[in-house]
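One chain, chain A, links the two complexes that follow: it is found with chain B in the first and with chain C in the second.
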Partner chain A sequence: MRLALGGFLLLAVAAVSLSPVMVVIVGSFEDSGAWRSLLLESGQARSALGYSVLFAARAPFAALIGFLLAWLLIRVRIPGREFIEFMLWIAFFLPLIPVTLGWMLLLDSPTGLLNRWLAALPFIDGPVFDVSSVAGILWVHMTASSVPVMVILLGPAIRQMDASFEEAGRVCGSGTFEVFRRITLPLLLPAIVTGAILGFIRGLEAFEVEQLLGVKEKIYVYSTHVYALINWEPPRFSEAMAMSTLVLGGLLVIALFYQRYTFERGHATVTGSGMSLREIPLGRGRWVLAGLFFAMVFVTVIVPIAFLLLGTSMTLFGFFHIPEPFTTEHWSTVLDDPSFVPSIVNTLILGLGAAALGVFAYAVIAYAVVRTRIGFRPLTNFLAWLPWCVPGILLGVGMLSLVLFTPFLTPLYGSIFVLVIAIAVAQLPLGVNMMKTSVVQIAPELEHASRVCGAGWWRTFLRIDIPLMKPMLISIFVLVTIAGIRDVSTVLLLAQPSSLPLSVLMLEYANNGDVEPAAVVGVFTSILVIVVAIAARRFGLQIGNPR
Partner chain B sequence: MKNRTILGDLGVLTAAGLIGAAALAATESRADAWSDMLAAGKKEGSVTVAGPSFPWVRNFIVKQFEADTGIKVNWKPLVGGPGPFTATLLREADADKITTDVYIGGTTSCFNFTRKKNVVANLKPILVNPDVTDQSKWRDGKYTVQTGTDDDRNNDDFWCFMQTADWVMGDLFVNTDKVPAGSISAWKDLLDPKYKGKIIAHDPRRPGAGQATAAYLYSVFGEDFVRQLYVGQDAALGTSYSKNPEAVATGQYEIGLAFVQAAVERYRKKGLPIARVFPKDGMGLRTGGFSGIAALNGPNPNARGVFVNWFISKKTQEKVQCLLLERSLRMDLDSYACIPEYTSPKEGVSYPVHDYDKGHHFGPKSKLRSRITAIFGK
Partner chain C sequence: MSGNRAGDSVLCVRDLVKRYGDAVAVDGIGFEVQEAEIFSLLGHSGCGKSTTLRMVAGLEEPDAGSIELRGATVSDAARGIHVPAESRNVGLVFQSYAIWPHMTVFDNVAYPLTVRRRDRADIRRRVLEICEVVGMGAFVDRPSTALSGGQQQRVALARAMVYEPDILLLDEPFSNLDAKLREEMRLQLQQVQARFNTTIVYVTHDQTEALALSHRIAVMRDGAVEQIGAPEDIYGNPANFFVQSFVGRVIVLRGEVGEAGNVHLQAGPEAVLPGAGKEFSGRAVRVTVRPEDIFLPEPSAPGDAVWIEGRIAARSYGGDHMDYTVAVDGAEFGLRLDKNALFAPGSAIRLGFAAEAARLWPA
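So, the complex of A and B:
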């Protein structure tokens, strides 16, 4: 029975995660020269891999910073912390394309507004900032997604930590810092390492920022190089797939390391003993912290949003010195666009549909892998990693082939349901792995108690595990919804006219250089994600609600 | 003699009458065919069109086509360039599930699929609207079409692709504040060391303007010149149709290669210093830009026919040429004033290379594509 159940789960996960990956691996061998070109001839491919690793290496730093921020927000009564945490969520939720446009308006070289202001100073010669650089790309990533997402992902783990461990430390005479260093940090290390690994992998897949800021300066990363290869004439699919296969190999090593790491440790930090929410008294220091946090929020959230809004009303994006530099024309253009309203509806269906489908699937897979003894668990666990090993555009190619050549799926082709599945599959690694960190934190004795009281497996899962995993379930629901709203590359090949989402509409504008209407669409996308965030908060997500 | 003349006149009159009757019958027959196609198209209800990623073009077509015919347009923008669309289309064709009925766009990618019989339908029997069948209204008194299939390249009865506009490519622009007028009179002037690092070009490795201009230069001056210009002068290769002209308009770069007029005009109209230059030894490449149209084997064959006829009609071409800023090949339009002057072919000037020419596509351009990574790197 265990073997049969395990086999069924394995097949289900393999069908959605392995099939597209196999399309990529097999495709890499269709052109015999693809591997030679990748390994021996293509300087740009090597450079792209190097830049990818360089940019992805921000993940451990982001995880540490994010952990520290989350810990401070939860454990110190910082004035306005609900607002601060909410703004960090907003920072992460905002689609990267419009945020990057906002930064470009401010920091582009030489036309960025800040550069123009600084150029007026007598001791400054030439532009000071250049957002189209390695430092600029890192800055946008760290402020817009890497650090905020770590706060979001690590917050629930900090909140779920068992009080008794820290209390025991304090009873033994340790101070706040000692407890933090010797108890809190080691207990939360699995979540931090998970966040860092996930961040590293996500970093490898990053696309929009590098595409907007890097290409002009010849800063290619793995995903933008793959995108370029597909857009070359003739398209170099095999080479793109060979590159993905190579990265897949590297990620396998990381995945195996991660699996070994998590399987060797028990992480039950949620027991029947209650949560630890003891706050650290900082006196007036908390006002200083509040000031620092508000400054951070201003720079990382308010500034890009303000400049994005400014950009929507510019006659020519970034041109402040021309006659009549401002106009409302771009708003009229977008509001009169017949695709606009349908694309909002499609976006909502896509985001919410993928989240609903995904959260249920992720919870079942994570629980089965961590808590049951069904067969093939390590393999199932491993397969759940795979979708992150290929960039969105190639995952789209794989899904396209899967749907077109699988008879019972073919009728779905062209419908938005295919996009929903694609997003749910693309987010499978995030969903399953974050859900696993939540499942391992639940002490088995809670389930045993339920069983002893006569509840079956399913009832225990619904009445004990699900409520305890609720913060993570809602977090993942929101993250997948946002991913569905923001994603461009995965859905690009799959979207049909009747299922075009806002992200593709935004790209349609931006693609031709109509940055201003693209920014208008970006504003609406941002509004949509903020509405989702507020709705999620009402439904129990601890956004800006540390207690 | 007189009898013979009368007989001759009678013969001529009879022949003329017969031809007139035949022409009338043919016109009526076409009118019937058009009515039938329109009625059947309305029954199908919609047509799926893949076209350039220009929202203002899409908006016009979607609204106007439905207003004129009662048939809905599902617009599939070629976001991210035509490469992803071609990839999807060929996979759909392999699965016998093509979802697109009409393709509007450039020739390079179109050559990748328009000759595949399972992908593309013959345009010839589709053109039935009396407004479009009179070929005398088109330049040189005929349609400009690509013919043949992969199986039979010489099959002139199979029209796989029709060009509807013709203009001179934006091969070379300068920032007029940085590069004085007249300082570039020949293409070789660009090899002056003072321009090193000051040139930006649309990436020739991608389909579109970048590859068109590079293939033109390859065809006229050879590989060595292309290598010296792009690689030797350390030209920046951008992929954005708007960012490249912006970089020249703002003076970040002094010289730009392979710009499209729709993007250039945004800056020119605001008084920014960017202008087209015509070196005497190469006045430019002729091209059809995004004006090509092909009928695909999608699910709505009648609505597809209605769309193709509507697209090349006088009324639609009047508007579309102004939206794309590409001069229509129809000679009966009321005005061409909306087209930038620098894209119009000049009287008495020879333009030996045409991007839509089959010989150029399968000749120099194909050769450049085979050498593209050797020249520009991977």
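So, the complex of A and C:
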């Protein structure tokens, strides 16, 4: 019985997490030329790998900056820090394409608004900024996601640190700065390193920013290169799969190292005793810090959004003095596009569907792995983790091949259901992991007490476990919903005209050079995400709410 | 115990075995518990007492042996019978209380009744009644996260009793409370037990608690029962050296049995127990004496007493008494004496006991 149940669960998880990966690996060897071309000939492939690593190498810097910002936000009573933190959450949740579009309107060379303003100054010649460059891509990534993510990720580690470690340092005679340097930083270093490795892995699979800013300058990274190969006429599947296999191998090695590292070091720092950390008194200094933080939030979050909005309604972006500077043309382009309304519906189905399916599946898997004695649990656990190091574009290629080349799955081609599955699978590692922490926190006695009181397994699960896991269930639901709305790289290759979500519609506009209509769609996706985030906050999800 | 048929007892445990991999947690335990009895399982941590309790509750499945509750077999490894916990009608108070944090006091206590589909008025009446009994009447609407340790304990007790289970199982229920509160809770448990005639199996490592509370005690070691008996039996007539040294305080002296069964203690030239050790002739023995049987060489001391020589290692002032640590024959033990009996640390002391008060065990 235990073996049968365990085997069933294992097969179910393997079907969605392992098979797309296997299809890619096997597929890469079907055409022997693919590997030869990848390893020996293709200069573009090698250049793409090089750029991927170069861009991903921002992660340690982002982790360090993020840690400093998080530490200041938590330990100094900065006026308005709730707002600052909320804006960082917004930055984290906002889809990358609209933010990138905002920066393009501002920093494009030579037509970007800032460039033209600067060119008007007497002593400046030619465009100063070029967002379509290595520096531009790094800038957008750092401000739009990397740093905010690190602040959000490292905040809990700082909050959970036992205050007595720092207090002991002070009693021994160290000042605030010395305590930070000699106690806080070394204690939290494992968390920072963990964040850096995580950022590196996520950086290797980045797609949207590089697609919008890099491709026209021939700056390809792994995922944009794969996207180009698939869009070739005819599609170069084998090469895309060979390159994916290579990247997957590398990611797997890093990810396993990461697991080992977090397993060995992870437990050391978190010893929360419930004692709250002392805040650092900083008199006037905190107003200076607040000013800096507001400036940062203003520049990195509010400015690109503002220019995105402005861009959607100007005839010629940045030209205020022409006869009719403002227009509704871009809005009507989008609103009249027959695929627009279906796209909204698809996005909602995608976000909510993946969240509903995911929350249920993650809860079952996590509970089975943590609390039951069914067979194959370690293997099931590993397979649930596997998509963690599978780039979205790779998962997309794998799913697409599965659907195209498995006879009984072909009817699903072009169906939104495939996209729903893909998002649920992409979020599987995060979801199961979060659920596991929630299940572990439910003391077994709480279940046992219910059993002894006369309730069976099912009633116990419904009345004791589910209510206790409710906050986590809601959190995961929200995160998966937002992932479904934001995601581009996973669903890009799977989306067909009938199953087109907003995110892919937006990318298609942008790829065709229609930046303003893309920005209009970007406004809609951003609003959706922000609405979900605010709703989640009302449900008590910890967003932008220190302590 | 020995004279009872299985049918008379509330709980009958036979030859229970539980293994975890290679480790044997419970190794062939058997006992019976009678109606309205408080029966304690006493032993060090890891002796298998909690595992035994969990098997009775149905939370663990025995590898061998059987359990009967009110004459019905609920576990029988040989016949493959294992009634799940929810169908046993037992009450269990956990060491950690296991109060559900997402429910109020009322919801926690009402839970077993809602599971049993009682009607709402009945549930309300009974929950309020039992909460009153355990002293939580004023707190029924509190969220359970706002309770102190002692209050959680009371809620756990109320929840375990509200549905009048056939038997109430308590797993070290007071071990997380401070000494004063523990005393208070123990008294309350006794009162509640007397009022409802509850049958209780009580797991504890605290021998004082077991002695004070129980009608009968099973002393356990390494997964097996060493002795079952009333507290007076266990204390006054221990079955072996382990039981005597575990239950109550004891002074252990080394001795040699000579001819005619005379026991010569190493604790002094006059320390001889005449003819006491015939069955251990020629062998080394351990002689045990309870501290309360020790007296000082005063005129009132009996003439045929056994005298041992010791040294005061330390003393501490206790108000109406003085606590001494006495070193005898290389071992130390505590001795509480009248505040007027003054000995300086380091000074020699002579202590006596009646030969009948001593027990002999093989070394």
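Going forward, the second predicted complex is superposed on the first by the 352 of 547 C-alpha atoms of A that agree within 3 Å, B and C clash if a C-alpha of one lies under 4 Å from a C-alpha of the other, contacts with A are read in each partner's own complex, and residues count from 1 in each chain.
Keep this in mind: a residue touches a chain if its C-beta (ideal position, glycine included) is under 8 Å from a C-beta of that chain, and two chains touch if they have at least 3 such contacts.
Computed from a predicted model, the values in this text were never measured in an experiment.
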{"item": "Chain B versus chain C as contact partner of A:Pro467, first or second or both or neither", "value": "second"}
{"item": "First, second, both or neither for A:Leu316, with chain B first and chain C second", "value": "first"}
{"item": "Which superposed partner A:Asp337 touches (first chain B, second chain C, both, neither)", "value": "first"}
{"item": "Chain B versus chain C as contact partner of A:Ser42, first or second or both or neither", "value": "first"}
{"item": "First (chain B), second (chain C), both or neither touched by A:Gly513", "value": "first"}
{"item": "Partner chain in contact with A:Phe405 - chain B first, chain C second, else both or neither", "value": "first"}
{"item": "Chain touching more of chain A, residue-wise (chain B, chain C)", "value": "B"}
{"item": "Touched partner set for A:Leu446, first chain B, second chain C, both or neither", "value": "second"}
{"item": "Partner chain(s) touched by A:Ala455 [first = chain B, second = chain C, both, neither]", "value": "second"}
{"item": "Footprint overlap on chain A, where chain B in one structure and chain C in the other make contact", "value": "none"}
{"item": "Touch list for chain B against partner chain A, complex", "value": "48, 52-56, 58-59, 62-63, 74-77, 79-81, 83-84, 86-88, 91-92, 94-95, 97, 99, 108-109, 112, 203, 205-207, 211, 236-243, 246-247, 250, 252, 262-263, 266-267, 270-272, 369, 372-373, 377-378"}
{"item": "Residue ranges of chain C touching chain A (in the complex, touch as defined)", "value": "57-59, 84-92, 94, 96-98, 100-102, 111-112, 115-116, 159-160, 163"}
{"item": "Chain C partner contacts - residues on chain A that touch it in the complex", "value": "443, 445-446, 448-456, 459, 463-464, 467-468, 470"}
{"item": "Chain B contact footprint on chain A (complex, rising order)", "value": "37, 41-45, 110-111, 215-216, 218, 227-228, 230-235, 237, 315-316, 318-319, 322-323, 333, 336-339, 393, 397, 400-401, 404-405, 410, 413-414, 492-493, 496-498, 500, 504, 507-509, 511-515, 517"}
